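Going in written order, the chains are labelled A, B, C, D and E, and every chain counts its residues from 1.
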Amino acid sequence: MPLFSMAILLLIVLGCVFAPLLANHDPTDFYLSDLNRPPGQEFRFGTDSLGRDLYSMMWYGGRVSILVGLLGASIIAAIGIPYGCISGVAGERVDFILMRFAELCGSIPSILFVLVLSAAFGDGSVVSISIIIGITGWFGLARIVRGEVRQIRDSEFILYARACHASFPYVMIHHLVPNLVSAIMFVLVSSISSCMIMESTLSFLGLGLPVTTISWGSMLSLANKALLLDTWWVVIFPGLFLVTTLLCITNIAYHFRKEGNRKASNL
Amino acid sequence: GCGSKEAANDQGKADMSNTLVYAGESESTINPLLNNHEELPDIIFSGLMKYDANGKPIPDLAESYDYDEAANTYTFHLRHDVKWHDGKDFTADDVVYTYKELTEDKTLASSITSNYEDITSVTAPDPYTVVIALKQYDAAMLDYFTMGILPKHLLEGKDVNTDAFNQHPIGTGRYKFVSWDTAGGMITLERNADYYDKVPNIERIVYKTVSNETTKAAMLQSGEADLAWLNSKYAAKFRDNKSYKTWDFKTADYRGAAMDMNSDFWKKNADSIGVLNLALDKKAIIDGVLEGQGIVAYSPIQRNPLGTNPEADIYSYDLDRFAQEMEKLGWKKGSDGIYERNGQKFHFRIQTRDYEEERVDIANLMSSMLKKAGVDMEVVLVTKFDWKAGYDGFLAGYATQFDPDMIYSQFVTNASGNTMHYSNPEVDQALREGRHTKDVDARKKIYGEFEKIYSQHPGILLTAYLDGNYVGIAGIDGLDTTRVLGHHSVGVMWNIENWTIKR
Amino acid sequence: MDFRMSDTYTVHAVRNVSFSIHEGEIFGLVGESGSGKSTIARLFSGIYKPTKGNVYYEGVVVNGEHAQAVQQARMRKEVQIVFQDSTAALNPRMTVLEILEEPLRIQHLRSSEQDCRQKAEEVLEKVGLRASYLEKHPSELSGGQCQRVAIARTLMMRPRLIIADEPIASMDVSLQAQIVNLFRELQREQGFSMLFIAHDLGVIRYLSDTVGVMLDGKLVEIAPKEKLFREPLHPYTQSLLSAMHIPDPIVERQKTMYRYDRGQVLGTHMELHDGDHYVLCG
Amino acid sequence: MKQAVLELKDYAVSFFTPEGEVEAVRGVDLSVARGEILCLVGESGCGKSVLCKSLLKLLPSRPPHNATIKQGRVLLEGMDITHYTEKQMRALRGRDVSMIFQDPMLTLNPTIPVGKQIIEAILKHSDMSRAAARERAIEMLELVGIPDPEQRLKLQPHFFSGGMRQRCVIAIALAMRPKLLLADEPTTALDVTVETQILDLLRELRDKTGVSIVFVSHDLGAVARIADRVAVMYAGKIVEIGTAEDIYYRPQHPYTWGLLSALPVFANPEEELYTIPGIPPSLLNPPPGDAFAERNAYALAIDYEKMPPMMRVSDTHYAATWLLDPRAPKVKPPVRLAERSRSWRQKE
Amino acid sequence: MIRNHWFWHGVLRRCFFFLLVMFVLSIVLFFLARMAPGDPLQSFYGDALEMMSQAEQDAARERLGLDKGMFAQYAYWLLNSLQGDFGISFKYKMPVADVVFPLLGNTLLLGSLAYILVFAFAILLAVFCTLHEEDWLDKTICKVGTAAYYIPAFWLGVVLVLIFSIHLGWLPSSGAYDIGKSEDILNRIQHLILPLVVMIASHLWYYAYMIRNKLLDEVRRDYVLLAKSKGLTRREVVWKHCLRNVAPTIVNIMAISIPHVTGGTIVVEAVFNYPGIGNLAVESAKYHDYNLLMVTTLITGALVFLGSFVAQMINEQIDPRMREAGVIRW
């Protein structure tokens, strides 16, 4: 059991959930008399060049980032997996068309998609931005799922289900997905990270969440400025939280993917 | 682009000792008509007039000029010794062509055309004389004649907006365009040895197109650039370093939240813009964002010699007064701490361009301060302003470094630069008067009056004037900080012919 | 039945095959590897659709345009398949209970949790496994046990026809014997018909009533077991029988296999030899 | 007796897994003479494959499957190779000892032309030129009876039928003229006619090249065709060993009886097939006495306590059962088996 | 001969599909771009748009070809593009081709080098991990690799600039080459090092890990035993046998990764101020520079589709099994 990862993740998640209790400053406030303070008693992680308290921002920012990451990744999974499964089991022609379609979507710059979509759901809320990120990010997953499905689709346990006249959704949910999970776990988990980073990029481009919404991603983009100003804490903390959280999620996910009893290597 | 190959070979041999590498903004065209606040058009092209150290127009391509008050005509006597960089002679036809283009081409993608509205005709009685007739006297007209002149022989009959000339400019200025290497992100200029006036000391300028402020600072630090305009925070880093020099220019460049008077919100609530000033601790913003490199702004022509009327400074940071005034205006705080009036929250959205860090920071700080006072100013980052997307305003930056009439186009009802749809008959009146008055003292009074009137009903929540911090390697000399610079601290190269560089 | 392999060429896996399996009969199918036995099994169980010809279930067409939905649905319920590699035929992510429930679940016949469990226990007992296996995963079971689970799964549906595609090929002798016994017992008890595919002629001879011999996608001979083993007519069948191993070193070493010439053995049409003995001639 | 190519002395292999020690091979004594075909039979999981693979040190040696030679010695032509390093083993593999595996569909690399796979084996152990190696490969393919070897050299295994693939595997194995060939169920995946061909091929190759073959199978019919000697394995031990005639006509061990009885070939369709009751013991914690005792109808009390030693039946025939002990009650082999033996001989 | 014939048949068929797909892509893009909110005139005229009267704006629209119906506009665009005229860029006010092509080389250089290096290292790393499966080495690489993969690219880029250009002064912080050194390969390489490191760091593990997992499955196959029993070393087995068998997967992954890697150049170009079309694509989308957008995106699209077609063809050559289609119809 990855107890260590679970403990850390739990701490971070609890910290974000109970952000109002933990935060000792207003995360959106600018403490103009305390610019660029290094970590200390009052500002535990220091302040940035505009006097924002990084410690409080961290917990509030985590809420948004983790939410966007999980929500975005769920949407990616919810679209990418069924799409990949359909394409994987479909005949040559349908598969060809589905894959070309995915490639088509994948080769359009996501910025353009985001522009169009944000006009459609343009309320700038966390949920709508997650949806946008999800909708524009599933193509890669779909292709990988398809590849894996092709390998197991003629397995005899699936043939049996087919012989019993199982519907496609049944086969997908009971046979394909469970046997795919370990193969695509890494892709799934890393889509959490790409969603978080996408959110920060979008915010930075002015296409994402309003500037007043704090997220780890937007904090990371502050790092850009801070580096030249020698305020290492502004650079390090958001990165540390982001990477740690993702590593913990990865570790835990790997544990639960039920790696089927792997036989010994022949090498 | 083409030509870059040979140029590259040439440069490969040339030594870099007398070359200035300038880290500038990214560019798309070099044409004084199309981009009027950037450095390069200024040194490649020259106008009938140019500015001196104090921002006063003096003759340049013209040897002298006469003004006929009765007929409202300017007669320019052109220099005879001017040649285009391609060797052709410069004549009055070029001037006529340029001003015709400016006044008659309705498709010109330029924001300055309304400055020339008063011109009724431009004629060339002989190759070295140009006569420009105006509808009426225009005090700023001499300023506007500083606009660079384009070569007729290269552009006539072509679409100025899109011609390849814009990327291969030929001018009459101090520096010649050599090559634009888009793949390398640099524009190379060489001094114009045939320049009719003082030939610059620095032999070559390499203008690197950089889209990001951090990169500019990094380039300076790693020695890839010699000179750059940095924001105050980055500039501060170089101040104690012996190998760098910092020049702090005053600029007429202000930042403030300009409201769109056509928006539903301000149509109803325009009376409550001025009072917001009371809730802004502008000094704190300057110290916080600008490292103290700036001054508190109260008037749009505050850094102009004809402006700066202290009587217009009627709002100082005072939250108590703010509360009182708001009450007078009929605003009541709602349960969420935000003022309400007639069932409407005091909430408005301003769009802010994301490419300049200081703008974003200032907007954020303003928003935070207003929020504390009970006003919800939502900041939305955009890539480019979208006037049709229904925002209630935008974070404005504008400079009136030369004639105060430069604000005419911004504040006069329906003028070309009046993107906030500001309309105040008294202001219109004052600015018109200022434009058509000749006497300097009288003008100063008029503009002082304007400042007072305007401050009662402002359209812009002014915050600060920024200083222009130029940082360069220690070997650069000759930058002159007397000049008040413009928007984005443009104009630093006004005396580039006097600069020297030692490595 | 054709397989399209990209656009370039087509494999005729099975051609012009007709035979019928009667109520309560065990039909043994033998033949060369790759001769199309599995393809026939899959055609019968509806996994493949024939490119030509029809599959009838109780005299009613169940494929193609003229298929009757009701009959098709009935066939789905009443025809069950058992595969060669039992470990591959059981989803490694499911428990035995889930595996056993699966046909019910797919056919929407799963009533209550309790009933299902009980039924699964009964069925497991029939194939000689304890109820404690219900919670296990296939990877925790031995090959023989997996095959028993696969057989138990077919019994969940009260099948009328079981298609067993080399169900014992990967087992050792004593396990083979156990599974063969199990099949026989169950068949006697429940009276289902069976299509039994195997390589081992010994098993075929022991278990089946009628035997079909396949070669290159064609049935070359069908006959009641005794007739076929006594009097094989088709050269391939003869060759097959001559290759049948006898666990007797002296006999085996001296025996020579009858080699047949591929070109000559395949004919075009089935002919009745005598009574119920058909052979491919022409 | 001819010189032994392979000799195992009290050979034992264990897997040290997280669950505990799996004693897959538990003290095997065995020798294979030059040009001899020794068949290993026994039910699934009794350790036949482990034995073969461990001889070539092909077992997974890293956690979590630590396979180790726990005791005993392996002599190859009198040379002790028990503690050979991986590098020394590599020199032996393919040159002195080769191996064929069960499924030809799986053991040939599907993406590499067959010829290349043979040539690779040749080049590994000799400094022949590529052309010479190619010649040799063609020769080998001819030897195993593949028509048109020159053309087929370039084809990937995909284009071969199962039987041809297994021939190719044999060609690879024999390419360097090894002294010993370990064939781990090489015919299980093939149909009877092809199987017979392969068996005959192996016998023929033995005659031509003098290679010794250890042939693993659980198909007693196939074994009967090819074996010179047969060793019956149960739960990691050899329980009976003797010439083919010894084992088929005069089996001594109750397990061998069980195996032979379970064959369906001559079973009467009216009666059930005989099956050995119970399940094979776990090798994770093998019982102390005779591992077969629990399933043995003839088990004696001592079977549960003490492992029976190899008892001599004749010069060639040994069996590990207490039934052969002089003190044991005399039991007759099952009647059915006896009858069957008789009937075979009558047929003959 | 026959194989050859089918090969060319396949090539032709794919060319046809390629053209078809590009056509569809151009339609999708064309209409999608015009669905995005914002006025393209704004890009062209900037703030000057405000002062233009409606009539002037209409005239401008007409000149830019924005006045016609969308279908007419598309037809017009298509006709012109087929003749090599991609229109003018609204933002740069010059022909799109002149904007894009000088920068294309830079991006292709960066992208293809990164692409090659990412996969070269990914394969090396994957093989190394496979040979040391479950060792502490493998475990450490997995942990470090995952962590490195999660570090945001732009963040890493800035840190590298800080260390290697600013503090150590070893490498330039920006640009594609120094003044007058466009032909100097060494200089170019110097400028490419940091961008490449960022590109590699932010993509490497994703692919290395996928390949590693495939290889781990592969070394469990039986042919490995046969190969080893021939006397091959572990390394030879992995390099000569396993890798060849996972090649189709790797090729597929490589095909999928084209948009991923080209997407990566966008970030890197921004961080290192590296002149390239990645930035251009983003800009054009943000500024509604339709013509520029079409070209930049069609280039990426073409790469993606070419990549995937090439991948299929390579795979069919490597592994004849790939040519078979499944037979079970769903």
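One rule holds in what follows: a residue touches a chain if its C-beta (ideal position, glycine included) is under 8 Å from a C-beta of that chain, and two chains touch if they have at least 3 such contacts.
Chain labels with UniProt names: A = Probable D,D-dipeptide transport system permease protein ddpC; C, D = Glutathione import ATP-binding protein GsiA; E = Glutathione transport system permease protein gsiC.
In this text the structure is predicted, and so the values were computed from the model without any measurement.
Undergrad: Along touching chains only, what is the step distance from chain B to chain C?
TA: 2
Undergrad: Farthest chain from chain C, going by the mean of C-alpha atoms per chain?
TA: The most distant chain relative to chain C turns out to be B.
Undergrad: Which chain has its C-alpha centroid at the greatest distance from the C-alpha centroid of chain A?
TA: D
Undergrad: Report which of D-E and A-C is connected by more C-beta pairs in contact.
TA: D-E
Undergrad: As a quick test, compute the distance in whole Å between the mean CA positions of chain C and chain E.
TA: It comes to 51 Å between the two C-alpha centres.
Undergrad: In whole angstrom, what separates the CA-based centres of chain B and chain E?
TA: 39
Undergrad: Between chain C and chain D, tell me the centre distance in angstrom, where each centre is the average of that chain's C-alpha atoms.
TA: Measuring from centre to centre gives 30 Å for this pair.
Undergrad: Can you tell me which residues of chain D touch two or more of the remaining chains?
TA: Where chain D meets two or more other chains at a single residue, that happens at 58, 62, 64.
Undergrad: Spell out, as numbers or ranges, the residues of chain C touching 2 or more other chains.
TA: 6, 47
Undergrad: List, in ascending order, every residue of chain E touching at least 2 other chains.
TA: 37-38, 133, 158, 161-162, 166, 221-222, 225, 228, 286, 325, 328-329, in rising order.
Undergrad: For the complex, which residues does chain C have touching chain A?
TA: It comes out as residues 6, 42, 45-47, 73, 76, 79-81, 83, 85, 88-94, 102-103, 105-107, 139, 153.
Undergrad: Flag every residue of chain C that touches chain D in the complex, lowest number first.
TA: Those residues of chain C that touch chain D are 31-34, 142-143, 169-178, 180-181, 184-185, 199-203, 205-207, 239-240, 243-253, 255, 257.
Undergrad: Quick check: in the complex, which residue numbers of chain D touch chain A?
TA: Those residues of chain D that touch chain A are 58-60, 62, 64-65.
Undergrad: For chain A, which residues are in contact with chain B within the complex?
TA: By the definition above, chain A touches chain B via 28-30, 32, 35, 49-51, 124, 203-206, 210-212, 224-225, 227-230.
Undergrad: Tell me, which parts of chain D touch chain E in their complex?
TA: 53, 56, 58, 62-64, 90-95, 98-99, 101-103, 106-112, 120-121, 124-125, 156, 158-159, 169, 172-173
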